[in-house]
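Chain IDs A, B and C follow the sequence of writing; residue 1 opens each chain.
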Amino acid sequence: MQSIDLNTKLPPHRRRLQIIMQTLCYSAVALTAMLMLVFFTTLGYRGIGAFSQTKFDIEIATVESSAKTSINNALYNLVEEPDRSTKKSLRGLITPNSFSTIDLKDPGVYTLVAHTDVDMYVKGVYNKLDNIQQQIVDAAIESGNIYRTWNWSFWTNSDSRSPEIAGIWGAAVGTFYTIGLAILLAFPIGVGCATYMEEFPKRQNKVFRWFDDFMEVNINNLAAVPSIVYGLLGLALFINFFGMPRSASLVGGLTLAILTLPTIVISSRTALRTVPQSVRDASNGLGASRLQTTIYQILPAAMPGIITGTIIGIARAIGESAPLLMIGMVAFILTAPTGITDPATTLPVQIYLWADSPERGFAEKTSAAIFVLLMILVVLNLLAIWLRKRFEIKW
Amino acid sequence: MFIWIGPKQRQTGLNEDLIKNFFRLCSWFTVFITFAILASLTYETIKFFMLVNPADFFFNTTWSPQTAFRADSVGSSGEFGFVPLLWGTMFITLLAILVAGPLGLLSAILTSEYLKPTQRTFVKPLLEILAGIPTVVYGFFAAIVLGPWLRDSGATLGLDVSTESALAAGLVMGIMIIPLISSITDDVIRSVPASMRDGARGLGATKAETILHIILPAALPGIVAGFIMAISRAIGETMIVVMAAGLAANMTANPLEAVTTVTVQIVTLLIGDQEFDSAKTLSAFALAFTLFVITFVLNWIAYRNYKSAINRLKH
Amino acid sequence: MVIEERETLTLDSSAKVNIRNLNIWYGDSHAIIDCNLQIRKNNVTALIGPSGCGKSTLLRSINRMNDFIDGCKTKGSIDIDGTDIYRTAHTNVNNLRKSVGMVFQKPNPFPKSIYDNIAYGPQLHRMAETKEQLDNIVEESLKKANLWKEVKDRLHDSAFGLSGGQQQRLCIARTLAVDPQIILLDEPCSALDPISTNAIEELVLDLKNNYTIVVVTHNMQQAKRISDTTAYFHLGEIIEVGSTKKIFENPNHRKTRSYVSGEFG
């Protein structure tokens, strides 16, 4: 009998296959990881500028009755005997919004927000300043009258035509109302539907049986319907049929509720299934009815999983923009909404609007807003993971 | 606090039937949603087909929606040929699959076959991150970063690349779809029973050979189902194409040119001022209806095949 | 002089449960065939026999837990204190299960605190009006289950923190809390170590004075140790019923003899 040959190596083509397969697979993941890296760093350096704002300290020598005149005079003082075109250039150094936001009392030095062109020049993005403006600005940078500070208005202001003072607050409040309403509706209905599908006994009647089977298929299909279709449903049903106000977070919330519902149902069903049969046996054995067992033992035991799934659902809903475009939440919102019937927008829609804007100053704001959105999602996902680890019942 | 729920016997506590009916209502609501979607889409689509011949819609190759300018003109003067839109959608989807297919598949093979459990717990979520990124962010990346970059790089190579090239939108959509393909493929590969692997290895096959000759063929139905689901997702995707793809219908096979898709048109038609019953606005619903039907059919096929594939593997 | 125990297999007034002509099918499979059995009051009755012979099925029919299984058909009658529990579909099964408690093979405490595990049943059946009453019920049940001393300082800790044997005693306490008259135990010690097994067996002997107990067991020595009456099952039929002493020392039936002597099992 021949002994087993343990020494001959694999023939080259077999060895090659091993190597090729392994290389391909690792490269695929590496390539994907690299793409993600490019993605995030691009966002990073494009958006970092938005977190600072260029300010201009000017000396207001005389306080006139109108803020606009006072400020303009102060600007004219920067140049000796300015002519008309010079005055125009000087007026373009600060944000138009200053006129309404400044609180003029006594003569002195006031800090104003610089115009977006100045802001972009200082940040090195582009230079659209004319000669006079550039002279003044360079001199002011030297003397410390033009400088960059932390951009609070990004966080506290709503949208604006002037990118230098535009902020995400309005969109944040809108997101809060919209998503809040969506979850308030989708959570109970979703958990209710999941409980029905998992815990209620199979019905004997053929007609009802068919209905229940259909519901199974239906839920899985709804989860895969393109989100824009939900937007059209919202448009046709809530705005046209019920006549609700366009652009309101009420409609947005209702639409997103319907959109998120299948996801919550599916994840809740999974959570309910992890509760082992022994718990049901014990509860039934004590004389509880099926419903009592479900309410008192199964649902509480499955709740950590259900909540984790809901948080993931919230995270997805927050990022949705297509359906909201359909129901009109794209209006230019200058102030944060105060209720669910006020016109509103959400953060992802705000991002879309800013990305679409021809004003170059919005470019950095868009990236920064994306960064904020992604951070919110990261926090939500980490919360879900933490909740699962902390409260998950290990059977 | 123990709130008593049970059969109606006593004064205090909640009636069991009340709760049961609440649960039933919740589940009926989900059926109602489907019904509402179908009803609203069908209703508007029928109104559209009363203004525009369905044959024209489904078979014409010109898409330039106009609305009648004079209140008394009958019908519309616009062309509502759906074919170029379908073409654009499928073209971009194809580009997306060309990216996501290999990357998703190979990544899945890595996570299911080559990685140790501890490594898997790190790499799998990494891929899942891609699924969690909002599509508006992908759209931004495609429109503001990738589009111009492709155009400029193309220019240096002497190629005429549109800023809104199909390639830009397709590439980014591909990245978005990778996790869909990789997670389904991973599931299916792991469902291949150990007995098959043991059989192959027991005969002296290498890991790569086992994967290529035994596991992938066995997993193929499930993998195909995953691809179909990814295609369906790409077809229905809106934000990436709205931001990065073009607005003009264009039936080209050149990925460097701009094309438009069904979803882009739906958005364009409905944003801004509308006369609600014009052919132009109604065409958006007809498009949406067609989209819904296509994705519904694809999802149904994919889901059924996925379930049966997993079942067959497990037994 | 030793007075020999008389075998009374006729209708005895001390029969708590009277099973008559019971037949149970799972789909097409005939699981219990023409079963006739009396369970005597304040006795421990053991059901023994090889695996898969229907012992658990019979046990579960006494508290109608089989109702939860799709495709399970039951014919015949089970009288408890003279009333047939299968008489109509409208029998209050929830009350039935309150009075006929069940302990399962693998301990299955709820994912709640020890206190909440015991309190659940009484709350369900509204057995306590005030918190003090509920506390009393919990304490009494744990004492009856010989678990009170071990857990009285950690009533609000998770039940999962208890050992296997303690968990099983918890499950028994949980059953006792709803004040049953009959306790069904389905191989209660098969998942436990010998010391915990011993604790449970002693508990059963304690309890039989106040409750009627039916135990399904694989372990013949256990049956010998704790039961008064033993029924031997084979392939869904009761082959022989009698006092434990008789069944093990001098069974009538050949099949019984070969099982208890260990020839097969």
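Just so we're on the same page, a residue touches a chain if its C-beta (ideal position, glycine included) is under 8 Å from a C-beta of that chain, and two chains touch if they have at least 3 such contacts.
Everything numeric in this text was worked out from a predicted model, so none of it was measured.
Undergrad: If you connect every pair of chains that touch, what shape comes out? Choose line, ring, star, complete or other.
TA: complete
Undergrad: Among the chains, which one keeps its Cα centre farthest from the Cα centre of chain A?
TA: C
Undergrad: Tell me which has more C-beta contacts between its two chains, A-C or A-B.
TA: More C-beta contacts join the chains of A-B.
Undergrad: Where the CA atoms of chain B average out and where those of chain C average out, how many Å apart are those spots?
TA: Between these chains, centre-to-centre, one finds 56 Å.
Undergrad: Roughly how far is chain A from chain C, centre to centre by C-alpha average, rounded to an integer in Å?
TA: Spacing between the chain centres: roughly 58 Å.
Undergrad: Can you give the whole-Å distance between the Cα centres of chain A and chain B?
TA: Distance between chain centres: 21 Å.
Undergrad: On chain A, where are the residues touching two or more other chains?
TA: Expected reply: 289, 292, 296.
Undergrad: Taking each residue of chain C in turn, which ones touch at least two of the other chains?
TA: As it turns out, chain C has residues touching two or more other chains at 94, 124.
Undergrad: Chain B: which residues touch two or more other chains?
TA: Counting only residues that touch two or more other chains, chain B contributes 6-7.
Undergrad: Residue numbers of chain C touching chain A in their complex, please.
TA: 63, 65, 68, 70, 93-98, 101-102, 104, 106, 108-112, 120-121, 124-125, 171, 174-175, 178
Undergrad: Hey, which residues of chain A end up touching chain B in the complex?
TA: Counting only chain A, the residues touching chain B are 10, 14, 17-18, 20-22, 24-29, 31-33, 35-36, 39, 42-43, 188-193, 195-197, 200, 211, 214-215, 217-222, 224-230, 232-233, 235-237, 240-241, 258, 261-262, 265, 289, 291-292, 295-296, 315-316, 318-322, 325-326, 330, 348-349, 351-352, 355-356, 363, 366-367, 370, 373-374, 377, 381.
Undergrad: Can you list the chain B residues touching chain C in their complex?
TA: 2, 4, 6-7, 10
Undergrad: Which stretch or stretches of chain A touch chain C in the complex?
TA: 202, 276, 278-279, 281-289, 292, 296-297, 300-301, 393
Undergrad: Touching chain B in the complex: which residues of chain C?
TA: Those residues of chain C that touch chain B are 94, 123-124, 126.
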